[in-house]
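There are structures below to look over.
In the two complexes below, subunit A is the common chain; its partner is subunit B in one and subunit C in the other.
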Partner chain A sequence: MSHIERPRYQCALGGALVTINAIERAVAIVHSAPGCAASADGAATVGAGYWGSTLTDGRATPSTNIIERQVIFGGEERLSEQIASTLDVIDADLYAVITGCMTDIIGDDVRAVVSEFQKQGKPVIVAETGGFKGDSNLGADFIWDAIVTQYLTPGLPKDNRRVNLFGFVPAQDVFWRGNLLELKRLLGRLGITANTFLTPFDDLKDLKDAGRAALNVVFSDVHGVKPAAVFEETHGTPFVSEPLPIGPTATEAFLRRIAARLEIDPARLDEVLAEEKAYYYGFLTPLTDLYTDQDFQRFGVVIGNVNYSYAVTRFIADDLGWIPYLVAVTDLLTDEQRASVVARFEEIPEILRPKLIFETDTDRIKERLNEELASEADPYGSPISPAYVIGSNLDRPLAAELKAGFFGISYPITNRIVTDQYYVGFRGGLRLTTDIVSALVANR
Partner chain B sequence: MAINLDITEAPTRETRLGSITGYSGTLKDLVARTGCGASIKNGDRTFSQASSCSSGCAQTLLAGIVDAAVVNHAPIGCAGDTVYHNIANQYGRFYREWGNKNIQLVNTNMEEQDTVFGGTEKLREGIREAFRRFAPKAIFVTTSCASGIIGDDIKGVISELTDEVPVPVIQVSCEGFRSKVWASGFDAAFHAILTGIVKPPVRKRPELVNMVNFRGSARAYIARLFGELGLVPRFVVPFATVEELATVSEAAVTATVCTTLGSYFGTALEENYGVPYVKAIPPHGVAGIEAWLRGIGAAVGKESEVEALIDKERAATDADLAELRRRFKGKRAVLGMGPSYAQSYLGVLEELGIEVLHAASWHYDPRYDYGEQPPAIVRAASRENDITFSVGDQQLYEITNTLSRLKPDLYFSRHPGSSVWAAKLGITAVPVIDEYTAFGHRGLVNFGWRIVDALTNRNFVTKLADRVKLPYSGWWYGQDPYAFLDQEAV
Partner chain C sequence: MGLKHDKVVPGREDRVAACMAHGGCASGMGKQDKICLKNNERTFSQAGLCQLLPTLGMLLTLPDTAVIVHGAIGCGSTGFGMNTAIRLHHVLRGNPNAKDSLWFTTNLDESDVVHGGEQRLEETILTVAEKYRPQSIIVLQTCTPSIIGDDLVGVIEKVRPLIDIPLLYSHCEGFKTKVWATGYDVAFYAIVHGFIEKDKEGPPPKKGPRQPGERPVVNVINLASMGKPDEIEIERLLNEIGIDVVIGPNFANRETVRRMTQADLTVSVCPTHDDYLVDYLHTEYGIPFVLKDMPIGLANTRNWLLDIARHFGLEKKAEELIEREESKARQAVQRFLPALKGIKVFISAGEFRAVVTGGLFQELGMEIVGLRSYHHDEFGTEFYEQLVRAQQGKDFPVDIANFQPFELINLLQKVKPDLFCGHVYDNGWAAKLGYPTITIFRIFDHYVGYRGFYEVAKKAARNLRNPSFQKRLGENVGSAYRPEWYQQSPFAYIKTDASPAAAA
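Moving on, here comes the complex of A and B:
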């Protein structure tokens, strides 16, 4: 993979850092150069609709701030000193040592340093997250792997009505908090207890005891899959990969699969589905006046990470009745990961299946879209008029050029704030419809 | 020592100026220890929190040049903060009514194998691609810890591409691990502009002022002030063009709103092209703007026009200032800012009648490149009352401890991510993010009224503080705020 224009993610260190920051009473100890933690955290929190700081992140993140001297002589002593002082200064229950490019290149033995503290019974874990290893998503995998293998209590009995929800990388999914809470609510209605870990209302105890879950649900075909496999190996909990369910069609399918797997009473399932669908259509039905009067069917251009690009495409195809034209997946992926994304898109009926591209560069997405459009001779003008772009803040110029509607749902989002909004489930689909269509009437 | 434009890299501030990031003592003591013939040893910390990176400081300037491109030779994360730079860019473009456009930056995506086998091939491709994609008038290649440690031959790649990429391609050495003083990144950017963009003057422009700043919000105000002196400002670096930067050598004078930002550039232009650099205290508050305007006036021979302008501006604001001072009687504050602002705002708050209990400076330059101590701190230290003064690369645990002891009415801070912690303590935090806050007589009055507003309704922070627990242990609040700072006895 070559150069990238204005990356839509942070490095591995950044993904690990924000994951820790999203866990209540967990704190990161960054072993890297002075600017790494603040730069990664700043990018993630600002780009995630101005998420902001939680317990001790942002500029308050404990960090060794190593410089040239340690590059020459090694930074292990400095790290040991910093862990000891952090245990005194910061009142937390989980301390995660994560590393940057420099310390990984010079080869500090951070595991040996951390093991000294682990031997004393201190709740310190470690992950090598050098930025050159990959993006935020990979860094999140690294830190989850460390949590699963170094922090979770092994050997707990299983609770067959308990699941863990994985596959969310805070900030990369700008709406991870709201999405997790809504999934928890929906599953709760079926009598399933869902651990979410990454919301402000979670408790480290649930994380420590996560091995009790009968099933891990990974809401991604890529992100979180590796640590889920490690989880299965270490704690014996199997996992399933599920697409992020947005809107009634995807959510019903998701709940039916989970209910079957956990042997939920079918009558209860039908009751919940009927109520949730009634809510969706109770609000959607009157919107039909506007939708049909104003002719609001659109050609969709969807730009985002693996999770959102598929989920949004399904929603606009299955529920909104739009025509997905082009989807750009912006993650850094291995060939194997790409294949799993391609396979997922093949589940879309052929007539509605969009052209799928993998492209990390904002301007290249525009170039490739234009190539695609040029290949279709259309005597009446653009073959995708009227179009609508659902992407990130970086894709506004593309939308403007297409004279298309625009709504930002993938990272970075900097033109609105995000608190408890969510797009998953029946109600999330309603919210997405509301937001997308609102953008079309915003100038009236 | 004169600035050397024959070398590729600007030496860091630690090397060039003896700058420090660790000190705790008093204002007068610091000035005495860093005066002529004196020297100060930097204090190290055994507990530290995140600081900032030189590359962010370099890129915030360079990515703002409207027709240049940046190739960031680094792992992707080093360009993650372009999200931030893009916000500043889009906001600035919006106010200038320039239309929505992203900054022009490509990251070379250095991966694990590049740290072993070298990343020059990716750099070559990155430069080519930036040229093809953006058709820029200049390309800045910013470096990173990874490219620096493995020692990629950036100069070599640039020289190979001379024919293929027919615009200036300039190395910007801003590796984060070289310096704890993030302002070293400003110098790296200016060094690149000076060595690769700025041309010798073709003609002299006696009306032109190089105005070194960040976002340039006070363009209209400055244009009016300068207009009365027959001068025209040119705002650099963000939102300037390559051509505008190339001809800064033709200006009559260089002035800056932030001496931490502008001193390297201003000094170099003075030494190399005879463009005088205004070495006055920064233009915040009455004393600041007056000294600064007099410095400009002296440089261009407009002394009497400056005096007339100062009289007019004073007359327009004297009454408001007296009213503000009355309202602020008994109000106490702590401030935490970069050195230029920390020093300058000691004067600003004094003019408003707000007592400063403690000042924290994000680093400290014992002298500037032209060889003298910063004038604003010398001025502040000449007052009768001394105050406690600390130097730290933010280190919010020290600030939080200090605030919880002193319980000031107000916390004034500059730099994103710093005021939030005071707010969570229930202290009214007034951020000084716009560099032209308290600029000039009128800016001072506006700032005063802003503080009045902040004090008028403190509900947001008081209710927040009831709910929020900060991350520090009870033990820490019982310690001296600088307990982890290892320094010579004060």
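Moving on, here comes the complex of A and C:
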């Protein structure tokens, strides 16, 4: 490990916290020093297009706010007091105790504290999420593991038209709510009920009964994979890893795979695909003059997390017809996780396969891109002009330096607000085309 | 001890007997046993801030500075939010091309927790110095390295000779203090030690006495919650009575900070915020200070200006200016007064800001029906009394709370104000209950001085004229709390050493 410049994630506690915050009628009880919850979700709520806070998030997050005294003498008593009082004051159906660095270091036995409440039948779960254990994505895995093993009803009969959607870390995917809702709509058209869990319209009961699903779809090669494996072990539901489907090509492929797996009527599938494609092309076709006359093909530089970097690259290659040049994956990954990402990029035809780098620091991304550019034989010094950068707000200076177009799609996004926008599916692809091309005509 | 000799900045609960948990009446503030107040705790509590956050917010404003947060990966992650605010500050300061703030985490992981993080910190400082070439580097020590025993000062003194720019540091572990306002002290500590005490050139010498005819220079200590418009108003007023100003240390560079040691007087805009630095400049440089008021509202602005003017025998000029400005401002707010008369307002912010803003509202004919302060210390005490007196003895509830929205929401439902005026992240709670809101600071707007008096009146009248955003929200947003909570006292979960919380 080494230091990181302006990390594009929070700590494990942060990932667990925002996940709970995104689940309706679930509330976190943070067992940590006073600033941890505010640090973690302050970052997520601003960086995720001003997500903001709902009723039990932000400064309303129940927190033990432990200080030196508890660090020395232990914080278990304080935690027990806080769980009891939270049950009295906050009107929720799931209470998730999550811990910060110091409580993990001093070794509070939080599981023992929580089990006292569980014995009384209280809906309290616990995950140890000390920030030094890793980033938000790991923290989201920790809390999903806790939900799957401590909250879900075991032994439910399977419904072979029901799936659970995983792999979304709120704020890390700035558009998680819109994306989930659109995936739910699309699958719904095929007669599949998709549980999304992380939108404001989800019912906690669907989470409790998530074991009924015949399949778990993890929209990531990394995030959510571990808890999906735990889910399979505990509740017998298998899982598949799917890339986030953006645009007509990826979405059609995704729906065909799912339909085959769940044995959906092929005629119904074709009908849905035809209608959704017609929507995309119905709006895209009239843009043809603009796109071709202005030569809006670009060399693409894509910067983002595991999920977006691949999904966006596929979209610009397959649907926009661009040339992906360099992709920087900014997540902290194990070797094994890296290998799975590399394997995924190898699915891109060689002629369009970009240079793939794993880099957490904004400044290093620039350096490595420049090294790459310097190695190109181009006496005019503009090997990737015209270029376009699709990344986060942190990458705007890079785009400016390259005199490239820019659009922000990965965390952090602070220059617009995000509500129900989405980029998945056919319509999401249309939205992404609209946004990307809009940036090219913005100064007219 | 004081800023110069403290090894570690003391928590404000010890230094100024600050209190974080109390519920009572304005008329009773300051009359309780201090120690008892200090030890109040909540048996149900919601997330606060830690001292790291205000420290980071202040230090990220220093131009061309790299901040290294020594700890686990999450501690500095609010940098993004701070960066947006700081960018806007720079834009307002006529510097639209300001670079984004730069910060790093040493990213301590499980193995570092076992083996220590000193080496990582050392490497980080050296790499950042070499690669990013900032004008200065600041290292902030968070909880994790402190618990595992990293020797921050040892590392700093080891690398200081190796780099040629100022190296600032501070201990600001969140678990060390309940009072996050300690973070202001921590930022001052880092700035003073880095740019003055341990600077390569050493501390600047004391300035000699002013020559006859030389215009006096005063330091005005700015706040992250004070925008450029407010700084302009302060500068304008002081300039008009013949005083020059140095504004810092937020957004200031090394030179400006060092210049602050050469002033004739230090003026605070918020005593609670500034006393640690003010005291340093006084003790080490003999610079007298004015640490009493905040120039918000007519009476407070008057007192503030006169106190400063008195130091230089400029009372007469100040009186004239005040007469002129007051009559203009009073004239200007005339058209808003009918809409504001008798409006019941609830205020929520840092204590000093809250009480002086209360005075401003009273001058506009409004009545205070409740107030929440983030903490309580002696600087605020006398103002509560004044506020009660100014509304003919009508008392009001006071909640001392580092946020704790559950208490606020309960209290609001009991006092039902016509208008809520709160700090960022406070207004939302009132808005979701349907109450009209105005924000108590916004860096684009005027709040200070005469222009501020006018603008706040205008803002309040504008919001009261159409509060439908909040009203509709109130009709459509549910409650996170159990119905029984609203039946209880808003202070039911505060326990003192003597009395356990009523609800516990």
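The definition used in the following text is that the second predicted complex is superposed on the first by the 444 of 444 C-alpha atoms of A that agree within 3 Å, B and C clash if a C-alpha of one lies under 4 Å from a C-alpha of the other, contacts with A are read in each partner's own complex, and residues count from 1 in each chain.
Heads up, the rule we're going with is that contacts are C-beta pairs under 8 Å (C-beta built on N, C-alpha and C of every residue); 3 or more make two chains touch, one makes a residue touch a chain.
It should be emphasised that the depicted structure is a prediction, and the values quoted were computed from it without experimental measurement.
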Overlay on subunit A: subunit C relative to subunit B, clash or fit: clash
First (subunit B), second (subunit C), both or neither touched by A:365: neither
Contacts of A:213 with subunit B and subunit C, given as first, second, both or neither: neither
Contacts of A:131 with subunit B and subunit C, given as first, second, both or neither: both
Partner chain in contact with A:194 - subunit B first, subunit C second, else both or neither: neither
Partner chain in contact with A:67 - subunit B first, subunit C second, else both or neither: both
Partner chain(s) touched by A:222 [first = subunit B, second = subunit C, both, neither]: neither
Which of subunit B and subunit C A:56 touches, first, second, both or neither: both
Residues of subunit A at both interfaces, subunit B in one complex, subunit C in the other: 1-7, 9-14, 27, 30, 33-40, 42-43, 46-47, 52-53, 55-56, 58-68, 71, 81-82, 85-86, 88-92, 100-102, 105-106, 130-135, 363, 393-394, 397, 412, 414
In the complex with subunit A, residue positions of subunit C that touch it: 43-53, 68, 71-81, 83-84, 100, 102-113, 120, 123-124, 127-128, 131-132, 143-144, 147-148, 173-178, 180, 402-406, 425, 428-429, 432, 477-485, 493, 503-504
Of subunit A, residues touching subunit B in the complex: 1-7, 9-14, 27, 30, 33-44, 46-47, 52-53, 55-56, 58-68, 71, 81-82, 85-86, 88-92, 100-102, 105-106, 130-135, 332, 362-363, 393-394, 396-397, 400, 412, 414
Interfacial residue positions of subunit B with respect to subunit A in the complex: 46-56, 71, 75-84, 86-87, 90, 100-103, 105-112, 114-115, 122, 125-126, 129, 133, 144-146, 149-150, 176-180, 182, 393-394, 396-397, 415-418, 420-421, 471-476, 484
Touching residues on subunit A, where the partner in the complex is subunit C: 1-7, 9-14, 27, 30, 33-40, 42-43, 45-47, 52-53, 55-56, 58-68, 70-71, 81-82, 85-86, 88-92, 100-102, 105-106, 130-135, 363, 393-394, 397, 412, 414
